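Here the chain labels run A, B, C and D in written order, and each chain numbers its own residues starting at 1.
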Amino acid sequence: MRNKVAPILNLVENSDKLKPLTNRRPVAALPFGCRYRLIDFPFSSLTGIEVPSAALFISGSGHSLYDHIRSGSTWGLESRVGGGVFTHSHINLKAELEGTELYTGNYYDDHYHFVSRSNAEYVLLMGSNMLSNVQLDSLMRFHLKKESDVTVVYKKIKRGEVRKDSIHTSLSMSESDSERIVGFNSIADLTDTENALLLNMEIMILDKETFLKLLYKARKQQKDVTVKNLIQFSLDDDKTIFGYEYTGYLKVIEDISSYFQANMDMLNEDNFNALFYRANPVLTKPKNSAPTYYGEQSEINNAQFANDCEVYGKVQNAVIFRKVSIAEGAQVENSIIMQDSCIEEDVYLNHVILDKHVYVKKGARLEGTIENPIVVAKDSIIYAEGDIEKGE
Amino acid sequence: MRNKVAPILNLVENSDKLKPLTNRRPVAALPFGCRYRLIDFPFSSLTGIEVPSAALFISGSGHSLYDHIRSGSTWGLESRVGGGVFTHSHINLKAELEGTELYTGNYYDDHYHFVSRSNAEYVLLMGSNMLSNVQLDSLMRFHLKKESDVTVVYKKIKRGEVRKDSIHTSLSMSESDSERIVGFNSIADLTDTENALLLNMEIMILDKETFLKLLYKARKQQKDVTVKNLIQFSLDDDKTIFGYEYTGYLKVIEDISSYFQANMDMLNEDNFNALFYRANPVLTKPKNSAPTYYGEQSEINNAQFANDCEVYGKVQNAVIFRKVSIAEGAQVENSIIMQDSCIEEDVYLNHVILDKHVYVKKGARLEGTIENPIVVAKDSIIYAEGDIEKGE
Amino acid sequence: MKTETVAMILAGGQGSRLGKLTKQIAKPAVPFGGNYRIIDFALSNCANSGINDVGVVTQYQPLILNNHVGNGANWGLNRHDGEATILQPYSSMEGEKFFKGTAHAVFQNIDFIDNKDPEYVVILSGDHIYKMDYQKMLDYHKEQEATLTVGVMPVPWEDASRFGVMNTDKTDRIVEFQEKPENPKSNLASMGIYIFNWSRLKKYLVDSQAKDRQLTDFGHHVIPAYLRNNEAIYAYSFEGYWKDVGTIESLWNANMEFLDPEHELNIRDRKWRVYSNNPNTTPQFLTESANVSNSMITDGCYIAGEIEHSILSHSVKVGKNSYIKNSFIMPNAVIGENVKIEKAIIGEGAHIHDGVEIIGTSDTIEVVGYDEEVGGYSDEK
Amino acid sequence: MKTETVAMILAGGQGSRLGKLTKQIAKPAVPFGGNYRIIDFALSNCANSGINDVGVVTQYQPLILNNHVGNGANWGLNRHDGEATILQPYSSMEGEKFFKGTAHAVFQNIDFIDNKDPEYVVILSGDHIYKMDYQKMLDYHKEQEATLTVGVMPVPWEDASRFGVMNTDKTDRIVEFQEKPENPKSNLASMGIYIFNWSRLKKYLVDSQAKDRQLTDFGHHVIPAYLRNNEAIYAYSFEGYWKDVGTIESLWNANMEFLDPEHELNIRDRKWRVYSNNPNTTPQFLTESANVSNSMITDGCYIAGEIEHSILSHSVKVGKNSYIKNSFIMPNAVIGENVKIEKAIIGEGAHIHDGVEIIGTSDTIEVVGYDEEVGGYSDEK
């Protein structure tokens, strides 16, 4: 009953550099780790606190997200007694639909109504592109103990862990109080000498009243309700902003390379345990499935699989999603194979990402590099001759 | 296990003449009959047949619909074992969202994938603007018995029951077989001498294969997947189309007047029983509620109420939604009062539609006519001086 | 996952003083207030107190009760961190196990509680009409470092001898327990609400089972045992509306009180809602001949008669020229034309035929049972 | 709403021939095939046959079983027109009621079935591994205008004397029933699957209860009574994989058969899926030292050892240099390093410490119980 939190998930996240994987899905719906989507991580972290209802801001139709989230019951977010998941499609354009007006949500009103009608006392903002597993109850205790107006989650990282031109920001702390945030910079603007930085993880907690004040500012200035902007408004208003340090596994999913690396990271036991076993259990939409069958001749070496696969070939350093079949004589290395893909005999894949439902014909070979893995779009067919029949 | 049906609900329905009630909601989300929305009627009729999953085509964000439908569990449409409700937002425009591409669904592909992946053998098309309660199991039996390629539901109505310029259509039957459809006309094009007509209720059933063929035609000709268009394609292909006659309550919700009339119709016991008690039980999203309290001085005469109201005044020929309070001395006649509205002392309302959350201040008077009821937009405040503070 | 608190709602009792109203269904499933069953109050209290892990112990005629409670979704209890679980008698290697008393029912479900691994167990009855924040009582329990906290209510001194009474010292520590004492030393009546430290209670129950199997009832056995062992037992005073609706008269009275729009329970309070399993039915239809005053009517009702100071539960039909006063009508009752009902309780699905009069007296409340048919020619076998 | 068919799954039995595997849980809840519990097959058959109204009768150690079945949502049974309902012993005005046999369990739940008002009742056991379309059997039942149809399976003549055998005439009408006959006249063994016309069965059960209370078991009492009264009883022949996993050996055998990718059950068939309550856990992690062949592994497993021709259920850990062959490992078992397991069944949550060897012989299968600890120094009390 105490410390109820109203989370707002901003899922209108830049996905340009993740194409073609994001051609038809937002970053939040990206498959990860054999059986998850990125949204599962923030959603699962919500199970650590008391959440009467959650708001999602998405762009476009969000079909893949709706299909995954449904009622939110997987994460205990469905409730017949008020609450549940409210989804707002933020279509930021002048839309005209043959004669009828488009029922666009009103961006600021949607925020306002969600928060003001919620019976929560606190508001939490987060996104889905910072792959991590944050213990929000501990964040909440920190926020209360510090009597902070606003608390923002950060992690100490090396410059090289994000893109040089990253769109994310680095926080600056007060010299007198190393937990107090006094400013931030765009990572892309940092000088080359700055090697370590405090990454703004774009997770913020604040009380309802403070949030509504900052929302009012955002509306007045017609700016997006992002953590970055709210930090700026808070600084403008001389509010106290504390930084809460996160020390668990983190990967910023900002391009194909970081997405690939995050999946490969899981093949390291330390990373795997840090993400899955050290904080909240990670929940995903349950699927009915059979165990995975490994044939007589299969050879597996450091790989992860979901249920429902049939494996007769060689798999090394790979992340294999549900309902994948790998035939005898096929060899899959350093690759991500998404759901429903079929790999025939004598195929060789190395540094490859197959999106869902890709068919790799007998004898085909694909070889990318760690910096530039080959990405094969959904529903494609790959022939031995090197032809790719595009899925989209 | 037999005769599974994949329903496609086309909820991209014209709502111009229903404004301001449809400013922010599609026709399907229009409140009706104290505790329902129009979508409840087609959804409830689906409970009569075996539906593994349903597809909804909506326009825009569909927030009000999502909020109402959630997982579809109210109507038994949620299922953990495959299926459930798939919603496709059909945004028929070139959308550009600051730098990122919009994740528009693909209209024809969405239809194709939904139907071809479903394990149903039949496809059902319906909308929400034909208020009725059709027994789909009986439609199905008729369709099978007739060995029809396509079956369409119609009702015999008088010309005056729909608008002169109605966008709906009238079916023509074969002279040799009065159940066989051989053509249709726009109602607006009918000559003045035609007084009776066979209204196309825009409910169609056909087998999967036939549907996919017609869908292919629609895609080729870039036409919408509407019952009207599919009838045309079927006629072009010389398919047999049978008409299934519906004889229950029907109201075409095409403007404020018909919407008002439909609600008032329910105050007639015959209509009420025909819609609610003769076919499928009508299910709506369950809400927790307290009984309605009628005070010492209340005077009620032929009226319907939902739970959670507090009534101290006079109410006659009115339809009152949830959480409405009507103070002593207030008088409400021939009106529709939607959820959360508050009517203070000595108010007089006659032929009025109050949208949700309207506040009518002490002594205010509003009087419309049966042809032109006054519609007060959501969240408005009405003062005794005749001022209306607009809610939108 | 470790749970802090598990609530056990003891809903297995028959409630025999409710006569024919509890012949086919358990007392906690008896309808109340138009839209509720009695157990809704305890379940809603759990949900509103943030206790999502609830065991509902049922035993007597549980079909309707179990169906009503389900997995607790209607009370918002089906969260990732909890749900309502129905617990019924079962057999094991040690034989068949019916519940012999309140404490014995908890003993039999030790496995269920141990699976949740809670720090505290809240023991509740499914029989009472009240709103209470168990979390506040739990805070008190922790503050006092109690091993047992008992919910008590001050009652008029003259009534105290009808209750189990807790004598406390100045620190609210309970020093003596008197069951229906002739000369009560205190007016603090036990509400049958207990918070135990689970590991401690479990030890008592297991030890007793191994020895003499005497700890079958909380009031009669467990509290005295705790007192004997000088456990830290504290009284937590509740002040608010609380009613045991264990008799026909108290059930009728509680319903009549409930009608008052100023009733202390404040059923319309959005901050502490009383949830139920609401039926999906049509709106209330009050016809031209209807006449309703000072009454509660519920969805699905069809009213063509006159209703005065009464509660009509959902889906009740009242024909023309019928008159209902000071009565509580349970769901799905069908009342014909020219019927007169006063000071009565009409059971679920009862059918009162045209022209029948059912009129209570100043001393007695008339009761018609579930599915009972009164008047008319019955074609049924 | 009127339902055509209600299925009653009798899942109350202990299954004592499974020894320590059914000490704490009922046989239908025993894990099977890596991702399932035995009852999943009957529940999935109901769902796939379009029978959504299912009563699951439980009695013996039902906590895990009840929790597994829930409201049937995982099998798609929670539709508007049905759901799974757990039915357990309860008390009533007539006293306390444990289920004394298969037919008695149905008798005790007459109210539940009557509420659904079905035409037909399908009686099933929760103990068998098979896929069967009950709808086809129901079609047959209607065609024959039977009052009882019994599911039968041809067994080898030499085995027939171990079964209840149905002797039929040329029209497949059952004319005689022999329980484990020395000289069987037929090789059609009863599968314990019955379709009854409900009103007829109810009359038999109620009449018997009023008289001598003799009809407690379907095979021993009800079928003979139907035969005596010359009821229209027909045999419906099932041909397909069907296995009663009532002993350690048959459970082990069935699991080993299940491993075969060409197994008749075809667990990967999307048109007739076997549903279960799938845990939310991590992917399968096969490390550099893992070596897996001809085996089934399930989500949540962490494998650093060698696995040959075995089934590992979800969330099993296997340490380095351990070797598992021809074994069935139940969920959440933890197997240390340098362990050798052959021809064994390892119970849920068992802990096999480093260096232990568990090796079955040609005659016997080694069994480790639930939560059992083998080897190592135990710090537990």
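In the analysis below, a contact is a pair of C-beta atoms (placed from the backbone, for glycine too) under 8 Å apart; a residue touches a chain by one contact, two chains touch by 3 or more.
Quick caveat: nothing in here was measured; it's all calculated off a predicted structure.
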When A-D and A-C are ranked by contacting C-beta pairs, first place goes to A-D
Farthest chain from chain B by C-alpha centroid distance is chain D
Dist(centroid_CA(chain A), centroid_CA(chain D)) in Å evaluates to 41
Chain centres from averaged Cα atoms put chain B and chain D apart, in whole Å, by 46
So, in whole Å, the Cα centroid of chain A is separated from that of chain B by 38
Chain D touches at least 2 other chains through residues 74, 273, 275
Residue numbers in chain A touching two or more further chains are 73, 78, 80-82, 281, 283, 286, 288
Within their complex, chain B touches chain A through residues 12, 14-16, 23-26, 59-64, 66-67, 70-71, 73, 78, 80-82, 84, 86-89, 91-93, 95-105, 110, 286, 288
The answer for chain B against chain C in the complex is residues 33-35, 74, 269, 272, 276-277, 281-284, 286-298, 300-308, 310, 319
Counting only contacts in the complex, chain A reaches chain C at residues 1-2, 47, 50, 73, 75-76, 78-83, 119, 281, 283
In the complex, the residues of chain D that touch chain A are 33-35, 74, 259, 261, 267-268, 273-276, 278, 280, 282-288, 290-299, 311-313
Counting only contacts in the complex, chain D reaches chain B at residues 1, 47-50, 73-76, 78-81, 133, 135, 271, 273, 275
